[in-house]
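Chain IDs A, B, C and D follow the sequence of writing; residue 1 opens each chain.
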C-alpha cells in the first residue's frame, strides 16, 4: 500500500486538457489551411457529428473498463443492431418501435452473456468478449443474405434532422453522456462500479454483489453499442455486417477511453475524459482532411498519437504496467 | 461422408437466413449488360475512358463556371490495389488539367460510411468546392449525403452508385453481370458438361461482387457445369492458396477456377503447381502478375476487367460539367473489355508491379510508370 | 541452522505428468479430421498441414513470450505485413540480395519490438494500447512505403522458405522446408524459455513484477526482450507467409488475435505467470486444425468465425474449471 | 457471565480438500466484551472469521446472534446482521475519497440516487467519533497506512456494527498508532460493541482483551479470562510447548569491522542519514510510521534511492540506484508486504527461492546446472526447514512463515553480505518467528550484517544489537542492547536531543 501512494496531481484534469488541445489543433489547422468555413456553426456541428458513433460506444466501454473488464464484442454488436434494425423496419415507420425494442433486446442478451461469462464464468473478459464478438460476426455474415432491408425515413431524422442548427444526433450524444456521467457520479450503481473496479475483493467484503455489478456494466456497454448501431443505421439507411468492424469501434473505443484517463485496471476515470478522447479522434479526422494527409500517413500519425496521448499520463504511474 | 453432411446441415439449419433469397440475381439487368458488352462504344477511339455506351446525354449549362476551379473528391478509401491504381489515375489525370484546375482536394474515408458522410458534409459546408466527385463506400448509406450535396453543387459519382438520380452523372463500366458473363462464358466454352469449377470470391454481400458471381453461376448451371465450391478469400493470398489446396487434398477434380477478382489468381495457380497438378482453366483479371503467369505458363485463361480508367473519367466529366459541355448521363457507361489470349502481349509491361491493373489507361499519363510503382 | 529437528517434508512426488490441454484438443480435432478425410493421416498431408500452420505456430511462440510477462502484442500482424511488403520491394526479384534483405527484415522487426518494449517499460503505456499504436503505425508505414499495393517481386530462393517441398524423403515421404523452419523456431523458443534463465524470469515478471524487481530481476529488460522475441517471430512468420503465397498488403491481417487465442487455448494465462512453449505450439496447431476441420465440413465461411468464438470461450472456460477444482 | 452472548458460534467445522480447517469449535462474545483469538497461522482463526463474515459456509455448526440463529451465504447478509470485519488486507479504493470509501457498499441513496450531502455529514461525524483528523474529500491513496486503517474502522462503525472483528489491526501500525487504535477499541467496548480481536502481538492482547481463546490445528484449546492467561501460558497453548529462548543468544563479541557505511544519505523521505553496519551485527531501525524507517530500507535496497550522500560496502563506494544494483552489491531485501512485494505467488516455492540467482546470473546460464539446479536449491530449502509437500508447489499455498523462509533462502543462495528485513515476522506465528530469529543470528554469525526495520518494539529489543531510532526522516538516536521500550519511544517521538553522539559510531 505504501508504494502506490500518490499525491493528487496538480494541474488541469485530463479531460479539459485533452479537449483544449483537440480544439486548438482543429482551429489552428482550419486557419492555416484557410478553411475558415469549418469554424462556422455548421463546421463545428460537422466536427462534433464525427464524435457521435464512437462517442456512444466509448461511453459504454468506459463503464466496463471502470469495472475492471473490457468489451471487444461491441463492433460486432453494432453491426448486428444496424442490420437487425433495417431488416425489421423494411422502410416501414410502423415497425420503428418494434425494431428498436428488438435491437435493445438483442443488446440486453449480448450484454448478459458477456457479463455472465466474465462475472460468473470467471473467463478473462478479453477472451470472452472476443469470442462472443466472433460468434455474432459469424452469424451475421452467414445470414446477411436474408437480413436485407432499410430503416424508415422517419427513423433517419435521428441522424439527419436537427433543431436550431443542432443535429438531433448531437443532442442524443449529449443527453446520453450526461446521463452516463450522472449515473457514474451520483447514483448507487455508479458508486458500485468504482468500488468493484477499484478493489473487487474489498467490494465483495463490503457486501457488494460484485458479479451483478460486472454483469450490469456489460449490459450498459452493450446498450451503448446498440445506441451506436441504431444511430449508424439511421445515418446509413441500412446496416451491413461490416460497419462495426470497418469502423474499428472495438479497439478505438478502448483507445479513447484510456486516452481519456480511465485506467485499464478499473476504478478510476470517467465519461468526461472519454469524450475528450473521442473529440481528439474527431479533430484528427477533420484536421487531417483539411491538411490533405494521405490515408497511410494518417494511420502512422494516429498510431503515434495514441501512444503519445496515453504515455503523457501513464508515464507518471508508479509501479509496473504490462 | 454422411456425418459430414449431417453436421453441416445441422449447423446451417440453425441459422435461418442461410439459403434464402439472393437479391443479386436480376434477369433484366443480366440481359441489359449482356447486350452492352457487345455494343460499339461512342467517342474517341483508343481512349476507352472517354467513350460511352448508349445515347443519353445530360445538359450541364447551368453549372458552367469560368476561370480556375476547385474539384473535391470524397474517396471511400484505398483499401485495395484496384483503388490504389485508380487514385493514381485520378491524380495524374488532374495534372493534365493544371491550367483549369486550381486545386484537387482528396478526402479519404478509410472504408467507413459514417466518416464518408461527414467528409462530404465538411467538403460541402467548406465552400471551396466547385464540383464534387464521390466514390461511395456503400450505395444506400451515402445516398442522403449525396442528395444533400446535389442541392449545393454538381456531383459526379463513380464505381459504386447511389440510390438517387440527383448526381449529374454516374460513371461506371458495364458492371458485375458483365464481368460474370465474360468469365463464365469463357470457362463454359472450355469445359465439358459435368466438369468441375471452383469459385473463389473476395467477400459476401458486396453488390458489385455478388452480381459477378450470380451471372457466372447462371451460365455454369445452364451449361451443366458443376460448381464444386465457393470460397471467400478476403483477397488474402495465403487464404486463397490454402482454400485451393484443401480442395485438392480432398481429392476433388478441379477443371477450372473462376474468380470474382484476380488479385489472388497467381496464388490459386501456385496451389496446383505445389501439388504437381496441371493448371486449370482460369478466369482472373487484368493484374500484371496474372497476365505474366498466363503468358509464361501458356494458360487457358481470360482476364475480364473492371477497368480502373473510370477514375480518369471522373475528372474529365467534372471538368466538362464545369465547362458546361454535355456529358453522357444520367449514367455514363464505360466499355468493359476483357483481356484474351490474342491481345495478351499488348497488356504486359514488365516494368509494372505485380498488382498493377493493365486496363488503367494510364500509359500516356504524366509520371508513368513511377507514379504507379513501376520501374523506369 | 535451526533448532527445529530436520525432517524432510518435501516428499518428492513422482514427476507429475501434466498433459498440455492444447495437445488434447489438437489430438481430438485431428482425429475428427482424419475420420472425415482419412488421407490426412498420410505423412504427406500431415506435413502439408504443418507447412501451412507454421506461420501461426511461430507467431504464437512469440506472442507467448509477451503473454508470460503479462502483456499482449497486437502489432505482430502489422510486422508480418511490413516484412512481406518490404521483402518484395527490397529484393525486387534479385535472388542475389535475398539473404542480405532477410537480415534487414529482422532488423526492422527488432526495431518494432524495441519500440514496443521501451514504450511499455518506460513510458508505462499498457501493452494493449502501446501495441495497438504500433500496429497502426507499422501498418501505415508499410502501406505508405509500398504505395498501398504490392510492389517489386520475390525471387524463388525467398519463396522457397515457405513453399519448397522435398519429395521422396525416406519415412515421411515429403518434407516442406517451412516445417524445418517451424521446428527450428520452436526449438529456439523452447531453448529460450527452458534452457536459459530467461523463462523463469519472464514468469516471475508476469506473476508479480514488483516482487521480481525487488529480487533483482531486470524487469524492463525482460519485458523488452519479450517484445523483441515477439517481433522476431512475426518477422519469421512474415517471411514464411511471403514464401508460401507471395506478396500482399493484408498478409498479416488478424494474425495477432489468432496468436493470442492460440496461446490461451493451449493453457497460457493472460496477464502472465503461467504457460509454456507447448501452450503456444499445441494451441496454434489446435486452432489451425479447427480451421481445417471447418473447411472440411464445408460450413459457410462466416459460420467458421462463430464456431471459432465458441471454441475459444469453451477452451478457456474448461481450463478455468480445471484450475478451480485443483485449488 | 449470564448475559446473552451477542455472538455465539457452536460446533463449527469446516474442511477443505485435504485439510480439516476447523473441528467442532465453540466461540462466543458478550456485548461490550473484547474477546481475543490467538493461534498460530493455520490454526483456523481466519477460517472461523470468514465463516462469521459470510465468505465461507460451515460444514457443521450454528451461529447465533443475540440468541437468534442465522445463516449467511454472502458477506452482505453478515453485514446486514451487524457484523463488521476489518481485514488484514485493506479493502479500500485508492483512487476514491475517504467519504466514498466509508460508504462503499452502503451508500446513502434515495431511489438509487446518492445523497452526497447526508453522506458527507455522516462521514465527518464518524471520523470525529474515531478521533481522526481526516478530510473526508481526500483520496485514500494520499493517507498513511495508519490513517487508512482508521478509515476501515470508520467503515465498520458506519454499519452500527454490534460485532466488530479486527484481524491483525495493528500489524501495519507503529507503537503510537497502535496505542491510538487500542484506545479506540476500548471506547467501542464502552459503547457495548462486541469485539473479536485477532493478533500475534501478545502484550497487546493481554492489555486489551477481556477473554482469550486459543485455537490450534483447527481445534479450540481453551477460553480463559485475561487474568488467568499470562503470556507464557498463551504461548505454550498456541505452540504446544515452551519457547524458553524466544530470542537467540547474543554472540560474545561482535566483530568490529564496518561492513556498510552511509554518509549524508538524503532523499524525499530522509534527511542527512549516517550510520554503519558492522560485520556480525543485527542493526534495528525503530520509528513511528512515516518516521523514515521505511524510506531508509527502500533507499538501502535501491528501490527509492538516496539522492545524495555516499554508501560504502567494506570501504568501497557503491551505487544503489536500483534494486538490481543493490542486489549485485550484495544487499538483499525482505519486504514488509510479502504478497505484494516479496513473492510471485503462482510460481513454485523453488522458483521463488531461485529468483535472485536466476536474475543475477548471465542470461544464457543453463538453469539446470550448479547452484541453479533444483537439487541444490531443494537442499537449501530443507536446511531452512521450509515446509512444503513438494517444492514444486505454488508458494501461495504455504503459510506466512514458510513463505518468509523461502524469501530468506533466496538471499542466502545469492550470498548477500547485508540483508534488509522489513517487519520480518509480521503475521507470522510464534514458532516460525523463533526460527527466523535463529536464522538471522546464524547469518550474522558468519560475519555478515542485517538491518531490521520493525514496528514491533519487543522484537527489536530482543533481536537487535543496536537500534537506530528515526524521527521525521532523521536518525534521532541510537540505543544499545538492553535499552527499554520507553527509551526508544522517547527518541521516536522526537523528545530527545538532536542526533546523539552515538550515531555512526
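Observations on the model:
Just so it is clear, contacts are C-beta pairs under 8 Å (C-beta built on N, C-alpha and C of every residue); 3 or more make two chains touch, one makes a residue touch a chain.
All values reported here derive from a predicted model rather than from experimental measurement.
With steps allowed only between chains in touch, the distance from subunit B over to subunit D comes to 2. Drop subunit C from the picture and the touching chains left over make up one piece. Of all chains, the one whose mean C-alpha position sits at the greatest distance from that of subunit A is D. Between C-D and B-C, more C-beta contact pairs are found at C-D. Note: centroid distance subunit A to subunit D, computed from Cα atoms, is 44 Å. Each chain gets one centre point, the mean of its Cα atoms, and the points for subunit B and subunit C are 36 Å apart. Centroids of subunit A and subunit C (each the mean of its C-alpha atoms) stand 31 Å apart.
Looking at subunit B, residues 15, 18, 78, 204 sit in touch with two or more other chains.
Touching two or more other chains at once are residues 340-341 of subunit D. Multi-chain contact residues of subunit A (touching two or more other chains): 3, 139, 141-142, 144, 294-296, 298. Pairwise, the chains that make contact are A-B, A-C, A-D, B-C, C-D.
On the subunit C side of its complex with subunit B, the touching residues are 35-37, 39-40, 45, 48, 52, 55, 146-153, 163, 165, 241, 244-251, 253, 292, 295-303, 307. Listed in rising order, the residues of subunit A touching subunit D in the complex are 1-8, 186-192, 194-195, 198-199, 201-209, 267-268. Those residues of subunit D that touch subunit A in the complex are listed here as 53, 55, 74-76, 78-80, 85, 87, 89-96, 100, 103-107, 109, 112-114, 116, 139, 141-143, 145, 148, 155, 172, 294, 337, 340-341.
Residues 15-18, 20-23, 77-78, 105-108, 110-115, 117-119, 121-122, 125-128, 138, 140-141, 143-144, 204-205 of subunit B touch subunit A in their complex. Within the complex formed with subunit B, the subunit A residues making contact are 35, 37-38, 40, 42-43, 46, 49-50, 53, 139, 141-148, 150, 156, 160, 232, 235-238, 240-243, 246-247, 285-286, 289, 292, 294-296, 298.
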